[in-house]
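Naming follows writing order (A, B, C and D), and every chain is counted from residue 1.
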Amino acid sequence: MNSRGYYGEFGGAFIPEILISTFEELVDEFEKAKADPAFWQKYMHIMSTYSCRPTPLTFAENLTSLFGGARIYIKREDLNHTGAHKANNVMGQGLLVKRMGKTRVIAETGAGQHGVATATMAARFGFRCTIYMGEVDIERQRPNVFWMERLGAQVIPVRDGTRTLKDAINEAFRDWVTNMHDTHYVLGTACGPHPFPEMVSYFQSIIGEEARGQIIEREGKLPSRVYACVGGGSNALGVFSGFLDDPVQLVAVEAGGKGLNTGRHAARLSSKDASVGVAQGYKTYFLQDSDGQMKKTHSVAAGLDYVGVSPILASLWQEGRVRFESVMDSEVLDAFSLTLKKEGLVPALESAHAFAQAFKEAPHLSSDDIILINQSGRGDKDIFTVADAYNDAQWQDFIRQKARDYGP
Amino acid sequence: MNSRGYYGEFGGAFIPEILISTFEELVDEFEKAKADPAFWQKYMHIMSTYSCRPTPLTFAENLTSLFGGARIYIKREDLNHTGAHKANNVMGQGLLVKRMGKTRVIAETGAGQHGVATATMAARFGFRCTIYMGEVDIERQRPNVFWMERLGAQVIPVRDGTRTLKDAINEAFRDWVTNMHDTHYVLGTACGPHPFPEMVSYFQSIIGEEARGQIIEREGKLPSRVYACVGGGSNALGVFSGFLDDPVQLVAVEAGGKGLNTGRHAARLSSKDASVGVAQGYKTYFLQDSDGQMKKTHSVAAGLDYVGVSPILASLWQEGRVRFESVMDSEVLDAFSLTLKKEGLVPALESAHAFAQAFKEAPHLSSDDIILINQSGRGDKDIFTVADAYNDAQWQDFIRQKARDYGP
Amino acid sequence: MMHNGKISSDKRHEIMALESYIRAVLKEKDILLMTHLIIGYPSFEECFRLIDVMVGAGVDLMELQIPFSEPIADGPVILRANHMALENGVTVQGCLDFARSVIRAFDIPFLLMTYYNIPFTYNTSAFVSAMAKTGLKGAIIPDLPPEEGHDYLEAMQKEGLDPIVIFSPTTSYERMKYLDSFARGFIYCVARRGVTGGDTILSEKLIFYLGLCRKASNLPLALGFGLKEKADMVFLKGKADIAVMGTQTIRTMEKEGIAAVGEFIRRLR
Amino acid sequence: MMHNGKISSDKRHEIMALESYIRAVLKEKDILLMTHLIIGYPSFEECFRLIDVMVGAGVDLMELQIPFSEPIADGPVILRANHMALENGVTVQGCLDFARSVIRAFDIPFLLMTYYNIPFTYNTSAFVSAMAKTGLKGAIIPDLPPEEGHDYLEAMQKEGLDPIVIFSPTTSYERMKYLDSFARGFIYCVARRGVTGGDTILSEKLIFYLGLCRKASNLPLALGFGLKEKADMVFLKGKADIAVMGTQTIRTMEKEGIAAVGEFIRRLR
């Protein structure tokens, strides 16, 4: 193994010796797959017959006239099978797993979207499947847990550490270290050791490729700005990748949580709270203390509640190619509500971060400008979180009644 | 007004005098729209940029090999925006509403899918929106109620009669009779007075049109059989319409509930319990007693729990063109589970009826045969029903905990 | 007074056509009063007593509604009455039997009101024959426009019963003429948009509408509306021939009992 | 006995390189025993007592782990110990200070074990210098393959510390040779797939694996595995040079207290 997978100073593969050969195999298979035109064809076939690629590009007419600035377009990754861009990644990795002849997949999940996507892929490909999920995330994304189990996956609650996404990743690595002979770890975002950042971005690049073609077909020109939320960075890299060589501003939106000065957020590159470190197998900016211990993070969106960030994004940020911003939980909920009421679209709370930032900037652009927001997923999964945020009395009554029906 | 909209002896427009002129206007506008090529273009544009038409056709490889008979294909209406075929209908009617210059829409809903779809369409078109929903259905489809309200619609619980779909329809008519000057009633299925059966089928015909093209492209030939569940009949007519002139068996699947001999079902044409009647504005087979009073119906799937059936389907059934079958709740849940585990697809419980019947027949066909199942919607909305059906202990714990958090 | 007791020997209306009866009464009163009840609600016995009270209070005509599970044109009060009656086990045959005994007992004309599925399921022509035998004068079927009513209209014609036709504020003059061509007995003019039981505003618009109805038909006009007090009746005099009171009787009965209905009606005159 | 008390005046290892120390001990014993603890778990005081007990019981080498919030290669027992230590407020500087006092107090060689983010954040070369000043002999960093460890390896070289290299059952012979080129002190051979704390089966496969390791490196071999009883030690004699006991000491301490750890270790010999 050579030192590979660096983006500027970020990336690498900081992995235990026992996994080295597994990674070598994976890198190898991925390189072969990339070089094989039939592989991408197979990928496109499955994405267009099992999920609904190309996903549409929606003109948000009402939001556009509300803000009176840029023309707002929305890339509809929420319409993917399982409801988020995560499908792009898992189906691609599934095809690799088949090539490698492995029979079991494991994954971490935060929002649960990646878990559902992986469980779905496993059902479809006939793999056994185990999903690691932090206990805190299980509580806020229970419907997704329910569906993973119905899809035949085993969901293992992670009770260590902060009991969120990063701990689920650690736990998945622990499983992998034991079972790599028949198991592939389907990492859910463009983080982790090489080749994951590259591989996940590769499969997600379909978003940007489509979006660029669609916007040019519809408007005859490029957007001025592209917005995406950033948890690990996969949906952002997916959509940005279509515009990297274009004169287009790329805006990555992180979870500002309760505010950047409260410490209760997950803003790595848009706050001063993060520093370069090595954890979970790669080098990037982490929200860590001066000793290098990871901090607790917070976001209303489980999928953004993560300490690290894709090394590819860290590098693009350092180069000045991608601008990082953050929005607070409360702004996210406002953007969420507005989008439902004005356009009939239900973004995932993760995606709503991108909407919130775009709404701040749209009024200051001219009607000649186009902006593109990546709606990475749908918000159905967030029903409990949203109901709680709005203190929905009827919902609470309903839950109380259900609880009574279930008995003590 | 002439006596119109008959299909054999079924159909018609049995409406109060006060609505006659409203229906005349609607028939008129619909005829004009149909004759205007720009209208269908506009419809296609919105369906392909706001929802994701064409929806994919998925080859169910695992189910196919499990049953060892016909090759099973699934038309993926679950991938529509809002998660069901209902989107096709509401967006079409929304365009008509715009043409008529009305500013408010109302709708009935059973499963809640049509309500969510209508609320979504209203948000998108900027209409005010009121949804009528039986109290029983509200209880079993609460998440959909939650989303309708978040989308800005007013949801009115219907507490009369059986408190299900048919009562919601009556209530919507009562609203319309009062507010027809600015209000359009977006009927959700191919039932009700003329022109609704024709109009809803017209918008849904996009399913069959696409499916026929897709299957011929993929397999070079027609399917032997096409399966669809039947509540009112809109998704069935949608998919069947593509194959009416072909040598293709069309199989409509009704809710067998607890069994045809228990009286607790919603099987109109596949049981001996229904007879021809006139209610809710049209003539068809109804589940009614010998006096003509409507009976209570039952199905695990709220969207199939209805007393009448599309007059177009009744006529096709009478002609022998469409075969009617029914499957029981328990068979539906089995088919549902199997589909999740084998293909990673989550059909709505309504749609799972079509799957269940197809699974019964697939093994008896040869591998030269193709069957096509219409997956009318996705099952996310059914989480409470499914969790209860499986007595999911972890789910119950979660709900109990939530209830405790909410306090008494 | 034309009707002054439960069992009158002067059953004038029995041999008289409905229209002639109305015109005859109009010679003595400015306006007739028609009321409404749902057969079997709250019970057959109470219905009978209610009719007794209403006839005694001077009601000139009555609609007897056979309950239907889907009363699409009725508002909440009558809707619930329909459902309660059905829950009490009321059957169509029971309703016809009840109508027969009422018609025997009281000396005013009675009309049937129901939704089309009731005659249709019974068999339309058999149902119309049964109505005729029962002594009913005609019927109001709010969900059966003439376009859909061929069998019904033919049977009514054959049996000499009056199919009461409905005009509404959304009905064009042209259509009124068309509807009038099927009409006998009187025209039932719906006062406003909406289902039964809502409030009607007595207005210039209403006067204009009634004028249009009058122009379109030579038959007497009944106005169905939220009749509440004497002033309403006074307003209507000369503009319509029959004032219809539906929901208000039921509300009064539910709140204050059957006897109160009599007082309420008497106060209208 | 080489070490028979807390404060020995015969600090032989201090002037001896780690490898030489191991080889010297091997002349007296069939196999060395290396144990492990997480600094600050359950507390600094208890750690100190634990070391005292272990050294007294005849342990030849020890790994001191600086806790890290993401101990990716550790199993549940050590994972939790890491988190508990951090919750107790343990800092990196506190760990280095503790190491210094332990090294002063006990006459066996001590190694550091931690994850790469700890030295990286401290600044790798500064950290290595601090290790050297503390008197540590070397370090084990399980998430730092040599490909990523240039700075670290250079600093270790400069400071004369031993970077302990890890072989695993999935490591090819070729790679073992490659890894060996960076190794000093001894080779840490992971006994099996999985994280720390699982069961290892003493098998032909294990013997074959150790044979391969022996062929690939001239350094002494430590075998990290689920050491449980004397039979395990007996099995290993001649096949490996150092038996590593990690999780089992912590388990014993948690269940039976610190004193029991001494008895447990004594019973292994």
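Brief remarks follow.
Methods note: a residue touches a chain if its C-beta (ideal position, glycine included) is under 8 Å from a C-beta of that chain, and two chains touch if they have at least 3 such contacts.
Predicted model, so just to flag it, every value in this text is computed and none were measured.
Grouping of the remaining chains in the absence of chain B, by touch: A, D | C. Averaged Cα coordinates give chain A a centre that lies 66 Å from the centre of chain C. Averaged Cα coordinates give chain C a centre that lies 99 Å from the centre of chain D. Centre-to-centre spacing of chain A and chain D amounts to 38 Å, using the average Cα coordinate of each chain. For chain A, residues touching at least two other chains: there are none.
Judged by the touch criterion defined above, the protein chains link up one after another in an open path, with no loop closing it. A complete list of chain pairs in contact reads A-B, A-D, B-C.
Residue ranges of chain B in contact with chain C, taken from their complex: 1-3, 12-22, 160-161, 166, 170, 173-174, 177-181, 275, 277-281, 286, 288, 290-294.
For chain D in complex with chain A, the residues that touch the partner chain are 68-73, 75-76, 79-80, 83, 86, 91-92, 115-118, 120-122, 142-145, 147-148, 166-172, 175, 179, 190, 193-195, 198. Of all residues in chain B, those touching chain A in their complex are 48-52, 55-59, 62, 76, 79, 81, 83, 119-124, 126, 139, 142-143, 145-147, 149-152, 337, 340-346, 380, 383-384, 386-387, 390, 392, 394-396, 398-404, 406, 408.
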